[in-house]
């Protein structure tokens, strides 16, 4: 009962909170924000628990059904993403609450933007038809651009503008694809399209447009140029939110559409192409991350690299057997969840290190291990997951993907996973090398408030824990999916 | 979660908890930290002794839970594992005492001891792992926890050594991961079962199994310093002496060798490995390493580097023993796991003592050290004799069994390798002993440390003498129950008989 | 070839023109205008294609209305960011642009 009621709350709450905080004074925005977090966390948990207990279901907002009404689907994947968003966004918001105290009052617009972002994301996770995905995508995208522009420096504004242009181009391509699909089949709902989709020319063109648009928004190599300046140049909690959740939104849409269309419609060649681009992202992103001197740019390029792993999903589920496909599904989702937790932790702890040293240059981190062990520890734990070393979520995801690659006979992806792990080790240990080095003695460092370190640590610990207990979340997320139990 | 699995978890937990507590302790709480360290080490040793007694009586100790469908995290105490754990726990206690004494003036000790405990926790996990997945988990954790120890000093050299260390170990770890995943795809979860679980497979899979074996051995061979994957080891000598002692006697190299033992005995099974023709090449690789290590050791003047190459050579004795088909060869290899640990750690402790007290790092500077530091030099002599294989030291026992095992397996050339390497060992150890005892000191000593009643601080001397004594006793009383030899025989009987 | 498809094809042409302009122009205002032309093109395609003898179909209308609202909001945001950028940097294009 509560579970069913919570679904519309997932939209009503953030939208209401967003509007109210727009109208409130800067001081009240933060307080309102803090008050809203537990509510949304509770609603998200309720939806998830309801799913685990009662199984998947659809829900029509306002009881107006499709096609003119908004129909929502709550299955394992959707509920899982809702809960993940709630956890990560809450911790990032908590971080922001402390972090933004020392920033100019205009940054209090973080709060209304956060709520709209959250509403948009929930819209994406729960959407049942492809047009609502567009709406959610837009809301999320515009809020994200706003968040990037919060930091009013010229670089941040340029980054926001670049992001906006890329986002607009991407969504228009996606919209055109949706238009073609509707014209061809007369339905927008995912269930409907799943029934009637065939591999004719219009569908292929539509799919190509949709893929192009979403690739641009997910910043897959080589369409990634907007990401490093935007994620690396924004305020720390914003970077965390963007890398952890926002890029996953467009990926999620691609995942859903691909699975919905089914293996007869989705071309093998396209799947392999996506995998190859993913491989390119892993190598290019990893190499560029290694070459960075600015800590947050390093972490931003790391996002470019890690997104590449997610795209290995497509070649591993297209044209392969059910066992390999299931492993690919499990592995990709595990990597997605682990990356969200680990990347948020990485950005937040990087932010702490920057606050402590007063500079974002990696070379200035010399000797910091004596003063900020906790920040370094969170950075390290998150790094362990990103490198795919045990015992973390990143390792479990990598394990599953390796299994899938071998089982499906597409052993060339093994090289990607192998080299990608080594590249991540290169850039993570670059930071550690600096911190262990004994240099001209810095005998003090600024001491950021404890809450900043605690939130980073919690996220990093989450990334590790999810690896050790993986079969529980994986089992839940599989509820209602075509790769379901069995 | 019954009593026995709780005890098993306790062995792991003592070092994990110690690690966490030490990290949280302030740098200045010297006494509290040392007390905690030692208490944890003693607690672990007691738990391990209890488990040894239990395993002897065939009591089951197991802890397992599911990570993902079809892959379990398993901790289990069997004869082979508990032998390794016993060695680790015993030597951890001594190394802890030694490190407390050695690092008295060094900064960042909380960080050091925190990672130190984590390193031992990883080693314990490796020893107690019940399947390849769990083994891999702790194997990589070992890499992560030893890196900060190698780069502890923070100098350019240490960082460079650490970087090379990472290249090798992470690369090896990735290869091992591939092998394990491939095996999983083929046969599912591979629990460690004496005699292996792969012999029943379809012969068309044999080439694949051979390939997987090679990958895993390369991955494990990096840590075990098998030629040509050994280059990280001499470079890692830049770390403080307790680190070298622990890494080279107990943790890292032994983990690699132990892993190879697990793969050959408990995953493939020695007979199946023989059928696949894997043992011959393994023996050759081990032999090359043995000779290469000894030859390089001859050329070194730096004492720790000479000991490092000696380690490279000696650990391959273990691998050689593993590759000799037949119970006697196996006994030789396994018992050397313990013996080499005891002897090598003694030698490294002595090297540390010479460096700390006399400021001596090179062999050429050791003239007359026997006069100045007699107790340490006696320990060094015992260790050296053991390395050469002079009775009644423990090293003699290992070499005897290896030689017999070689003849038994029909690999007579191995006997030549053993004799040659013993001669080489003598060639690089005896001159040191000669210098220590029989050469008179030309120049005065430059004192490194002001010492108390003994020739060197008690915390540095007692562990050295203790491990030397153990090495002697292991050889003298090899025939008694609960000696390393006896234990190796128990393991072998469980491997070959059923 | 019915009249409706003429609209659809015009939409495609508009979209392509807009895309070309979006990529080629450096001045941000021109890029925004190009984006709006692209958007109109997409909407035209949507409405044009759905007219094929099925009678009046409210769904594309709903989609286009939503799309127009989104386009307005995006343009507004883009203009605000552009103005801030212009004030902060004095430039009307993005540095070392893609």
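Letters A, B and C mark the chains in the order given here, with residues in each chain numbered from 1 onward.
Keep this in mind: a contact is a pair of C-beta atoms (placed from the backbone, for glycine too) under 8 Å apart; a residue touches a chain by one contact, two chains touch by 3 or more.
Predicted model only: the values in this text are computed from it and were never measured.
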- Query: Hey, how would you classify the chain contact layout here, line, ring, star, complete or other?
  - Reply: line
- Hey, which chain is the most central one here, using CA centres? A
- Message: I'd like the Å distance between the centres of subunit A and subunit B, where a centre is the mean of that chain's Cα atoms.
- Response: 43
- Query: At what distance in angstrom does the C-alpha mean of subunit C lie from that of subunit B?
  - Reply: 68
- Query: Using mean CA coordinates as chain centres, what's the subunit A-subunit C distance in Å?
  - Reply: 27
- Task: Pull out every residue in subunit C that's touching 2 or more other chains.
- Result: none
- Query: For subunit A, which residues count as touching subunit C in their complex?
  - Reply: 67-68, 131, 134-135, 138, 142, 145-146, 149, 152-154, 157-158, 160-162, 164-165, 168-169, 171-172, 175-176, 178-180, 182-183, 186, 188, 225-226
- Item | subunit A partner contacts - residues on subunit C that touch it in the complex | 8, 15, 19, 22, 28, 31, 35, 38-39, 42, 45-46, 49-50, 52, 54, 58-60, 62-63, 66-67, 70, 73-74, 77-78, 81-82, 84-85, 88-89, 94-95, 98
- Interfacial residue positions of subunit B with respect to subunit A in the complex: 23, 66-69, 71, 73, 107-108, 111, 136-138, 140-141, 143-144, 147-148, 151-155, 159, 162-163, 166, 170-171, 173-174, 177-178, 181-182, 184-185
- Which residues of subunit A touch subunit B in their complex? 330, 367, 369-370, 373, 377, 384, 389-391, 395-396, 399-400, 402-403, 406-407, 414, 418, 421-422, 425, 429, 432-433, 436-438, 467-471, 474-475
